Amino acid sequence: MARYVCWRLLWAVVATCFVLTVTFGILSASPNPEASQAAWEAAQSGGDPTETREILEQRRGETGSIAEQYVDYMVSMATFDWGESFTYNEPVTTVIADAWVYSAITVIPATVLAVVLGFAIGLYSATHQYTKTDYAATFVAFFGISIPNFWFAIVLVLVFGELLGLTPISYDSEVPFWSLAHLSYLVLPITVLATSAIASEMRYARAEALEYVGAAWIKTARAKGISELQVTVRHVFRPALVPLITILIADVVGIIFATAYIVEVIFGIPGLGYVSYQALVRMDTPLVLATTLIPVFLTIVANLCQDVAYTMLDPRIDYEGGSR
Amino acid sequence: MTRNGTETDRSREFDGDSVSESGSDSPSGAAPDPATPTFDTVDWTEYEGSRRLTRRNLAAVCSLCLYAALWASDRVVRSSHEPLLGLSRLDLTPTNVDWLFGLTLLAGFWAVVVPLWANPRLTRYYWRRIGRNRVAVASLAFLAAVFVVGLVGPFVLGYPQARWDLGHVPPVGFGGSWAHPFGTTRNGEDVLAITVVGMRVSMQVGLVATAISIGLSTVVGTTAAFVGGRVDDVLMRVVDLVMTFPSFFLVLFLVYVYGGNLFVLILILAVTTWGGQARLIRSEALQRSTETYITAAEAAGASRWFVIRRHVVPNVSNTIITAATLSIPVLILYEAVVAFLSFGDPGVWSWGRIIADGQTELATAWWVSTIPGIFLFLTVLAFNFLGDALRDALDPRHEVNRPR
Amino acid sequence: MPSVGPSHLSRRTILAATSGGIAGIAGCFTDDDSSGDGDEDGSDNGTEPGEVDGDRAIRSEWIQAVPSEASNLSPYWVSDYASSLRIGLHLDGTYTLDENGDFYSLWVDDYENRGDEAYAFTLRDTLEWGRDYGAMTADDWVWFYHNVIDAEENWIGYLGRTDWSSVESVEAEDRRTFVVELEEPDPLFVKRPAMWGTSILPRALTEPYYEDWQDGDESAGEALNVSDEVVEFQYAGNLGPYGFERREIEDRYVATRNDDYYRRGTEPDADDWADAPYFERYVIRILPTQSTRLAELRSGGLTYTELPADQTQSFADDDGITVVSVPTPYNRIVVYNQRANGWEPLRNRGVRQALSMAIDKTTVVDDIFDGNAKVAHTFQPTYSEFYDDSRVTPFGEGESYDPGQARSLLTEELSSEYGYDGDALLGPDGEQVQLDLVYQTGETVYEDTGRYIADALGELGIAVDQRATPADVLFQRYAQQEDDSGNAVYNAGDRDEYTSSDDWDLMWSISLNTYPNSPGSNAPVFTETGSFNFFGYVPEDDLEELFSDAIAANDLETQRESFAEIFGILSRDQPLNFMVFDNRIHGYRQEVVHTESISPSWGYKDQTFWATEELHE
């Protein structure tokens, strides 16, 4: 077991290095918008585009060869000295720490909501297959993954924000953090995020439940004469809950970097998804590398935790036995 | 490691981990078991060498060859027009997407339709199981309609033509006329015509990208499961990478740099999304590989590749088909998001593009993005319902004893 | 949206662009022959100074939205609009140009032209730096010139150094006055971006870093530009209308009213500046999605934001909003690739004329830009004093838009290998001629016009393949060439030999400054060896000589004559389709009172805009 965990941890490091290398490669192969624009303007007014580009690259410390830069960045990543973001002139860690809060206040409630609703629908759907209410519940669950979420978000803004005036249109970071008003700013983003995540939770819950519904201990439980609700909660829900917790980390990361980006762009929330994408587009290398590093590492560790959790829960699995 | 113990992803939602009922009555039935245990020595070179050219296989191969020949002749004609096809410039116009689409349909025909046709008993069995889910049946009908309209419609309605002086016209019932039942865009293009063309393009995106990614994941998943050992380790770690890479940004970034050409977009979508499916297929294949008919084939001396091709792949085909059905809607939506971020292909009307295009004017001309949006929504919804129904129907372990 | 749009214009470009109006600007707005009535609708509303009476009370907030975060906050590094906007809140800069293109005093009280060869600039005596840096004196400027502009190496990374190439020296005359001496006489120096609008850092702040650099610290320049003192404008003192409050990354930038603002109640226009600025807080919000910005403006969450051309009509109809559509000297063009990787017949003037003739610019202006643009026939706006209508050959407007004639011209000009088969123009290989049209992503008008061009050329029997990429990718793949030493430049040399990495035929959507103040600056674009001739134009006439003659001429009349000739030749030659001059469109809450009239210099006095009542909350 210990050997296995060590091996996987080592792998996590290797994988992270690999992903960083790929990211760095992509970045160094792409144009830098700022330098590109400045060089373009310089050439038009009779200046020297090459010189302009050099000035801008020098500002970013992009001197030296690609190989030197690569080594520099990898060393600074490894030593947790992540440096300063080019675009914001602030330490990368500060940028991430600030942005993280904004992502968390939307993603965490949305995930909780999605899990609760998704599980409720999933369990219901598994125990009441092919009834009208099952179809309706499934429809609710599928709604979010079937609608382009950028479109949904904009329609929500126009309808609830502009037409009805019930909610604010865009996020305002000046609202006191612990206040009811703050909540009103978060309702729409959380709705969009949550609806887009319900379906996967619901599928998971449903598959788990379907598996356990037919299991022997459920039959025993029924035979004992406990109510259906108790069967569902105690014997179906509980065993399905354990793997869920480990899955959540991967889920949250996934949501932040795909759906949350769209939501943040539309509602003007300065969260992690948006900041990382901006960093990518602006070729802010230190920030890009740091924002890639974190989710990759988190996902890999989450995978590991999950695997370890399975071993503890399921005695049939044996990591020491070699492969197959 | 054993069985699917190390499965970490959502594959559990599909397969569970009980090695249960499903015996060797391989439900796809596509392959009659060649290794019926006799005590004679099986001449495997004959089996593998001849590749069992049944009439059906022959027809499939022939049709593919014919298709390839058609494609090649088209290439030759084109190459005279464009002599230099540099690598930096993937000049693959929508025609190439059309070719790939055709190929996908052809492959789908031989891999799904023909086996079903050949096994009427099995087909009826599946149909009964799916039929229990009425919404799934309705979804199937809707998708079939969308598919047919998408294929035929553009020839009837024509490609949307801009009428620059016309501007916005609202749909029928909102002040518009039957000349443009769904209204027009700000450039006077008929929204109905765009919706119909968009059906085709969105189907192409969904189906072609899925075909590629499913193909990739099937090869990787089954190989990993059956060859095992180092190969398995390496392949699964590659899958890990594909899955952990923030693929959404990768997609956006690649499109940013290499342009939103539809063909390039399809390729990018396909190669960034196969990881999860590969895991799923591997775990399914791992379960199958412990079953008796495989052991029997191995004991009789069949080579690994033969076993994979003849036994493992057909027996995980249920999983593959389900995964494919569920990946199509994801990719269709992905394309829409890319279009929203203004990286879409300006030469092609997809649903994603018209929705993204119209979203800037939702406040003044709601119909431009809402009407195609509803179609996209229904289509994606239908795929999701159908996918779940297929999973229930094709995976015997999800047999449900309805509590009554 | 992560788009590289107008928000990436640099300070210099913006400055140079706003320098438009000299002659005929008033006529530009009163002539009613123009089709665009949309642009006049909204602007009747309170844009005339003195029209609105009322007290100029100080309101609590001005909130405006921009699509992207600023990239630099040092005046030496600024290269984008979002950044120059912020710097402008804290530093006014030397002086600006008013609606007539004349000197308008800010830091510099007045200037004196000493025979076109030297200019003396006198600073106001109320200018104070922040911290303990004391007053801004001529010495700060002299030091800036000698140690930043004229330093042997660009240690600070200042992009504006080339603007100063014509300057010989800068010397202090007294405490407040410094003299800029030029290498050659230049009657228009004051309107060039060297001194105009320039901001500097105090000598006392910069000097220690300079010494570090001299001691061998290569990164001293960078250290200065990213130091807290610089990015938080601690040095700005009373030099701008607002003081720095805080910055939330990718979210907002907040500045508070500067109580000691030097410009308050001073001439010129002391009335307008009486209590300026008129808002306690100035908030810049970053809202990447256009529909969110527009919804906020409609519902009153914003005081001001820029509007997209194709949606101004609905805002003009909105009583709560004032639309100000301002002409720019920016020419948005369709470039014909005459290099070896373009369609070879594009080197033929007749073919280019035929293509230009087949594209109706009126449709583009009226139906796509909704009237927020003007048809262009040459590389100079009609209000420029160097524009002479009688010498310009029009293509693609009114009678000069004629697809039928375009088709016959094309048949005439193309070699006999080309020919029409029904409606399709067939090339030597018997296939339909297909051209690649590339343009940038980001705005719907780019895409719409791209499709219109494809349609219009389709009428000529030419198939068009469209490709849209972000602007920087567009430059890199289709405009840049690699010269012999491996540098990426925009004109590496002979058009048969040097080409961009990717093939293209037509490039739409890029927008170039036409420098109506000093049209000589256009030489890099239109001469064979010009640094910006990325499209391989080889003029038949000797444009190089014409340009240098025109620049060297020292009386305005000769200059006018020469430039009118050049712009006549360009309109006939059609090295590119000049397409349109598009407007910049501003949307304000209706309560905002403007203190200037519409001109290409719009906003030069925007710190004196005030509001009739509280705008927010």
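By written order: A, B and C. Residues from 1 in each chain.
Operating definition for what follows: contacts are C-beta pairs under 8 Å (C-beta built on N, C-alpha and C of every residue); 3 or more make two chains touch, one makes a residue touch a chain.
Everything numeric here is computed off the predicted structure, so don't read it as measured data.
Engineer: Return the chain label for which the distance between chain Cα mean and whole-protein Cα mean is smallest.
Structural biologist: Minimum centroid-to-centroid distance belongs to A.
Engineer: Consider the two chain pairs B-C and A-C; indicate the one with the greater count of contacting C-beta pairs.
Structural biologist: A-C
Engineer: Could you tell me the distance, in whole angstrom, between the mean C-alpha positions of chain A and chain B?
Structural biologist: 25
Engineer: Counting only Cα atoms for the centres, state how far chain A is from chain C in Å.
Structural biologist: 39
Engineer: Give, as an integer number of Å, the spacing between the C-alpha centres of chain C and chain B.
Structural biologist: 48
Engineer: Where in chain C do residues touch at least two different other chains?
Structural biologist: Those would be 1-2, 291, 295, 298, 470, 473.
Engineer: Could you say which residues in chain B touch two or more other chains, in rising order?
Structural biologist: In chain B, residues 256-257, 359, 362-363 touch at least two other chains, as defined above.
Engineer: What parts of chain A, by residue number, touch at least two of the other chains?
Structural biologist: 31, 154, 158, 162, 277, 281
Engineer: In the complex, go through chain A and note every residue touching chain B.
Structural biologist: Listed in rising order, the residues of chain A that touch chain B are 11, 15, 18-19, 22, 26, 29-31, 126-127, 129-130, 135, 138-139, 142-143, 145-151, 154-155, 158, 162, 199-200, 203-204, 206-208, 210-211, 213-214, 222, 228, 243, 247, 250, 257-258, 261-262, 276-277, 280-281, 292, 295-296, 299-300, 303, 306-307, 310-311, 314, 316-319, 321-324.
Engineer: Which part of chain C faces chain B closely enough to touch in the complex?
Structural biologist: Residues of chain C touching chain B: 1-3, 290-291, 294-295, 298, 308, 310-311, 314, 363, 366-368, 427, 429, 431, 434, 441-442, 444, 447-448, 450-452, 455, 465-470, 473, 501-503.
Engineer: Give the list of chain B residues in touch with chain A in this complex.
Structural biologist: 1-3, 5-6, 8-10, 12-14, 16-18, 132-135, 228-229, 232-233, 237, 240-241, 243-246, 248-250, 252-253, 256-257, 286, 329-330, 333, 336-337, 340, 352, 355-356, 359, 362-363, 369-370, 373, 376-378, 380-381, 384-385, 388, 392, 397-403
Engineer: Mind listing the chain B positions that touch chain C in their complex?
Structural biologist: 80-81, 86, 88-89, 93, 162, 164-165, 167, 186-187, 256-257, 259-261, 341-343, 346-347, 357, 359-364
Engineer: Using the touch rule from the top, collect the residues of chain C that touch chain A in their complex.
Structural biologist: 1-2, 4, 8, 10, 12-13, 16, 68-69, 71-73, 77, 79-80, 154, 157, 159, 162, 219, 222, 225-226, 231, 248-252, 285-289, 291-292, 295-296, 298-299, 301, 470-473, 475-476, 479, 487-491, 512-513, 521, 523-525, 530-532, 534
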